[in-house]
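I have a structure here, written as structure tokens, and I will follow up with some questions on it.
All chains are identified by letter, namely A, B, C and D, in their written order; residue positions are counted from 1 within each chain.
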Amino acid sequence: MLFPFRGFERDLSMKRKIILNRLLISLGTIFLIVTISFILVNLMPGDPLVNIMGDDQYYRVKYSDPELLEEIAKKYGLDGSLGERYVKYLGNILRLDFGFSFTRNRSVLDIVLYRLRWTLVLAVPATILSALFGALLGIRAGWYQNGLLDRIMTPLTLVLNTIPTNCTAILFLTLFSYKLRLFPISGMASGGLTGGAYIRDVMWHMCLPLSVMVLSRTCSNFIHMKSYVIQVKGEEYILTAVAKGVPKTKVLFRHVLKNALLPYVTILCMQFGHIVSGSVMIEVVFSWVGMGNVMNTAISASDFPIMQMCFLLTAVCMVVSSILADVLYVLLDPRIKEV
Amino acid sequence: MLDIQNVSVKFSSASEVGAVEDVSLTLQKGTKTALIGETGSGKSVLLLAVMKLLPATAEISGSVLLEGTDLLSLSEEELETIRGDRISYIPQGGGNGLNPLMRIGMQIGEPLIDHRGYSKKKAIAQSVELLRRFRLGKEETWVRAYPHMLSGGMRQRAMIAMGIAAGSRVILADEPTKGLDQDRIQGVAECFQYLQGETLLCVTHDVNFAASVGEYISVMYAAQQLEYAKKEAFFEHPLHPYSRAILDAMPERGLKSNIGFAPPHDAYSVKGCRFSDRCPYKNKLCDEKKPPFIDVKGHKVRCWQYAD
Amino acid sequence: MKKTYLNVLALLLAALMILSGCSAKPAPAPSEPATTPAEASTPAESTPAPEPAESTEPKHVEVLRIGTTSTNDTFNLTTQGGSFGVMNYNSFVAGLFWERDEFGKPQPGAIKDYSISDDNLSITIYLPENLYWHDGKQVTSDDIIFTFEYARDVLLSSRLKDIVLTRDGDYQATITFPEGDSAFAYVNGQTSWLKIYPKHIWENVADNKEYMGEDRVIGCGPYRFVSVDEDAQLATYEAVENYWKGEILVDKVTVKSYASQEAQIMALRNNEIDAIYNYSGPISATLFPTLEGDPNCDLGISPDPGNYMIMFGYNEAPTNDYPFRKAVTLALDYDLFGQTIYGKYYNIPTKGVIPTPNMGYNSSLPEMTYDPEAAKAVLEEAGYVDVDGDGYREDPQGQPLNVLITPQNNKSRAELLTRIAAVIADNLDKIGVKTTLDEESLTSREAWSARSENGGTYQIYIGYCTSGIASYIGAPMYIVNYTETGWWGTWQDPAYMDAYNKVRASSSFEEYEASMLELQEVIAEQLPAVSFAFGTSSFPYRTDKLDGWINFPGWGVINPKTWYTTYSK
Amino acid sequence: MIKNIWKEFRKNRAFRLGVILLLFFISMAVLAPVIAPYDPEALLGMPNQRPSAAHWLGTNDIGQDIFSELVYGSRISLKVGIVAALAVTTLGSTIGMVAGYYKGVVDKVFTVLTNVAMTIPSLPLTILLVGFLKTGMLGMVVAICITAWAGTARVVRAKVLQIRELPYIQIEKLMGVSDFKVLFKHIVPNIADIVMTRCALSVGGAMMTETSLSFLGLGSFTQKSWGNILHFAFYRNGVINNMWWWYLPPILCISGCMLGFVLVTHYGRSRSQLIKG
């Protein structure tokens, strides 16, 4: 129950105003990101037609009959001034028509959604696992400070946190795939399997990229969680609780956890926001065809529709997750009045 | 009821000087004692030492007998059964002594849940009774409120209710009036009157509050206990020059003295009496030797004047 | 209190060292400096298709598993994209007009036969009566005529602008070129690329790239498309029953796409695939050590018709000055280039720039020599002297000399091209010539095309001629400044131009080879370009279960003949 | 100032390790010509050699001495890291200060801008920007700068909002002291420690991004940073051929250097609060 008091009705009108304001800001942010990404993408140097038609055909047509080149440009909506294309692009977005990919001649929507599925297959378990591990280890290290776990984990996570993800990915790849041949080198599935075998096969392919992702995220979550627990442990109300003779474990679960999890939840929401963008580095090293990977190839192949779609999707997801973070914060922390 | 014998506290991490030096205090059953002292005089540290709530870096010597058992020698588990049940500590009302994310009723009823095995619902119902005892008003509503919704004074009342929830006979209150304005302080003083039969040791820097609450008054300065007497004796004729200075500085008595009451930094390393540098009655002896704690017909004082 | 951080850091360091250091396989032995002649035999002596064991029928191959780096994403008969597109170069699902044999000569593909008129202007194509599309319809000359019209109007092949098509019967058609064109050159140029399109499917499709009909994969080649598993990037094909051209020994073929050559190599080593096929993407020499120790894998080394070469820019000093070019060719350490690009398997190149397996290879030309001292002498004599004593030579006019090295803009080869540029820079540095890497064109396509397009303004250009293009015209095309192609050639020398045109206009193999020999003479004399090494290309395959492989030079064991000659042991 | 740094050096073990690491890498960069036995560009004949007396870390695929490459690489990686960090911190803190100080519309605009910058995934955006800008170090520094300022801006803005409410700042404003003077005389010294911490952290962040970009082949090919060495080690199959002496040292250098910067930010923090900035 959000408001413990009936006496707070007069707040509801103010509440509605705040929510409205919040939505406006979010829509504004999305609009801003869409515009910025459109401008950035379309002003990119290099003629996208080169990638659409392929090198030799592009040069041949460019020299033999340039008007044909113009005609093809029109077909792909690359003609007209930036303004016109922008208006057309906005119109398309509202009609949820994201156009046709330049390089893979399939509709952008089903390419990106297909890739999104694979990014989520990797990112969602990674975020959940790292949230769990980060929290468990962080709480234990924070509560039993200078205990065995704390003395090992703190320096270790500090060091692991500074190793760039692509380096850890390379090391894992070398060790587990090349040398010990425990896991496949790349790709997402070995094909020709259905049902249970297919699932197991995909899980087998997922192991390495997932463990690299979980490792790097757990480290940062651990450090955050530990600092929150230490902070809360020093609060006065914990001293009161101990003074009341509340046993140590109950102090941890009833008082410390709830207060420490509050800021932790906000970071998790932010991480959920970044899920959609996928981790470019891990997806490139393990050639996991997710959003990060397709974004990387789209940029080098200057495939405008896919890039714009990726930016849009990430923006929407980030904004949704920041709203989620705010709402969660209000629900969990009664001290916050306005959303 | 509670017998504090020669308790000293030293923090290994801090400088060599102790935070509390050789304090002895006996609280009779049902009596209310007020401990006056400026910040940094070690009064709060004493309270925490009694409850063994100090961090691990603190070395506590001496003994604290609660109905015969020495709290300082108990293990953490044993202490857990005693804390909140037979002796309870009330932190300052002003700060966030209450868990911001837990309703008041639950926090007050918690000792009942842990010590008396109450169910949550029963404990909260009992907390309503406790609040009513302190005349909080609209107790059913406030029980479901969160700490930030209560005013400073109301929070202090809730704290006191929490202290006696499980029926503990000895209550240690740490600066209950901190951060409160005048009429709130009066309200808190009344609360302490509502206590029936609990032994109270209240630490404060507000002399008026000490007067209205305490039956016995003690004074601490620079980690040492300077004076201990019944209230009437202390206020009529305070023996120690520091006590006299405190009383003279009160507005009711015409702000006669203004000597600055917090101990200077180097006061701790002085061989003799730590108040010597400001004492108008100082003589040669005060500088060389530390004055003992002399009992002048039940009125104890640490000053060479009264050495026979 | 011990220093926990230092201990942990040291521990971590040691752990990482041990874990990756304790590799079971010995680290690659440093490649021996001595050059070993390319082991693979030159095509001339390669044995004719090996006779299957006389006694019994050759055992059919149940499944031939191919690994490729092109993706399994576009399945469209009319495009070259994706693994489906590049596999069709081996007359796989699409019926090719002409396919290439291991000697690089065009042979009839899905058609029965073809003949070129004496005036080298028209080609007559004879179809077999029993060639059927995979959807059962018969292939007739209407399809042939439709294919050329479709290529001209929809696929915008400018070469076919004003051809004349005549239908000589149900299974015969003729295509006639305008005056001055060469039918032979067209056949040689379209081998492995031109496919027969089914008229009944494509005649009403305006935009072939975006056509999504199920029947877009229907062809008349020996194999029929079955299915694709996009997640696993695995496409499956099966042989067409009693195909007119002969008994197909390989019943089923799967094509799995890998993201990198490392993945391909490991898959081959782990027996996930039988052979590797990358169009113009031989396995990089740095991967050889992983396979060398494996008894079941053959590196599939074959002499490479394509090669890496330097093209000197004629529009810029000092590369338009012959002595400077001569000095550069003398300063290059061909052994090191060979090792960098081809590992152990390379030969020192000749002055003719055209590598050994190409038709018309001129073996009489002398090999390049690595002689820095002679290079310095040539420079000194030509006036490139170090005037200001900074250790680097100035040009004859005394201006500071800083030669720009421009690599071709190719994402997958960027690392190799940068390494080659680094070696060039070091070689020239040793003879006192200052160079800088043209980083702009390496990374930005726009800067590269501005510098190289249509007779570029580059000085030293590092380019690569793929084995496909080498098979019909090859390196010379890149050197010549031929406005129509828009390639980066900058050379206008008349002697070279008419030798080059003679090659293009040749109407028979003999004529083609004769003019090629002459062309190489001109190149050797003028040195417009220099090849780093006559290298090899490697398309590894397994030898434990299958046999009867034929390794096409620069193409690999997956070629138009694989389907009829490979059998299981 | 120096005195209490030395005191902190002795007392705080994390800070001490950080300083040692940084001194090690900075001295490696400064003394590169002295330390490196060979010219990193020169080809020394035998490619793919294992570590030997002549080449402590062996040679790479075209025979360049890896140890010299690594030592010279420290110059470029550190240069990129430090230049980008300075740019990011100045940009971030100015935006943060202005947003925090001038409440109202300016603050609103900057907050939305910061949110947007935080929302866009930094790596893809940097990849996009690198495509725009001239290749080479400058392009990369600008790209890193554009995407990384948001974090610092948000932290500085929060601190400035706090300081702004302090009485002595209000008094200054009442006395009509020019905003400019208030900002630089009062507010800047107060946020100096935060700015320093963010600066150290953004050096780490910038180096991380530089490594990722070089790894994807978007970095500069002429100037060999650690990321560049790693790129060639991976794409010229040093990793699959288990040439650990080629890909392991750059990884250790990068993470060692970044660990140094992170640990240095623990200046003045007691051991118990080992929290990441």
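Structure notes:
Rule of thumb we're sticking to: contacts are C-beta pairs under 8 Å (C-beta built on N, C-alpha and C of every residue); 3 or more make two chains touch, one makes a residue touch a chain.
Note that the structure is predicted; figures quoted are calculated from it, not measured.
Common partners of subunit A and subunit B, by the touch rule above, are absent.
For the criterion of most C-beta pairs in contact, the winning chain pair is A-D.
When each chain is reduced to the mean of its CA atoms, the one lying nearest the mean of all protein CA atoms is A.
When every chain is reduced to the mean of its CA atoms, the largest separation from subunit D belongs to B.
In whole angstrom, the spacing between the mean C-alpha positions of subunit B and subunit C is 90. Distance between subunit C and subunit D, defined via averaged C-alpha coordinates, is recorded as 43 Å. A straight line joining the Cα centres of subunit B and subunit D is 52 Å long.
Mean C-alpha positions place subunit A and subunit C at a centre distance of 40 Å.
Counting partner chains per residue, subunit A has residues 45-46, 158-159, 171, 174, 178-179, 300 touching two or more of them. Each of the following residues of subunit C touches two or more other chains: 5, 9, 16, 20, 23, 262, 266, 411, 444. The set of subunit B residues that touch two or more partner chains is empty.
Each chain pair that touches appears in this list: A-B, A-C, A-D, C-D. Considering their complex, residues 4-5, 235-237, 239-248, 250, 254-255, 258-259, 262, 332-335 of subunit A touch subunit B. For subunit C in complex with subunit D, the residues that touch the partner chain are 1, 3, 5-6, 9, 13, 16-17, 20-21, 23, 25, 27-28, 30-31, 33, 261-262, 265-266, 284, 286-287, 289-290, 336, 339-340, 411, 414-415, 418-419, 422-423, 425-426, 429, 436-437, 439-440, 442-444.
Looking at the complex, you find that subunit A touches subunit C at residues 45-47, 50, 54, 57, 59-64, 68, 100, 104-106, 114, 118, 151-152, 155-156, 158-159, 171, 174-175, 177-179, 181, 185-192, 202, 287, 300.
For subunit B in complex with subunit A, the residues that touch the partner chain are 51, 53, 76, 79-85, 88-92, 95-103, 107, 110-111, 114-115, 141, 144-146, 148, 159, 162, 166.
Subunit A contributes residues 25, 28-29, 32-33, 36-37, 40-41, 43-46, 145, 154, 158-159, 161-167, 170-171, 173-174, 178-179, 220, 223-224, 226-227, 230, 273-274, 277, 280-281, 284, 292, 295-296, 299-300, 302, 307, 310-311, 314-315, 318-319, 322 to its touches with subunit D in the complex.
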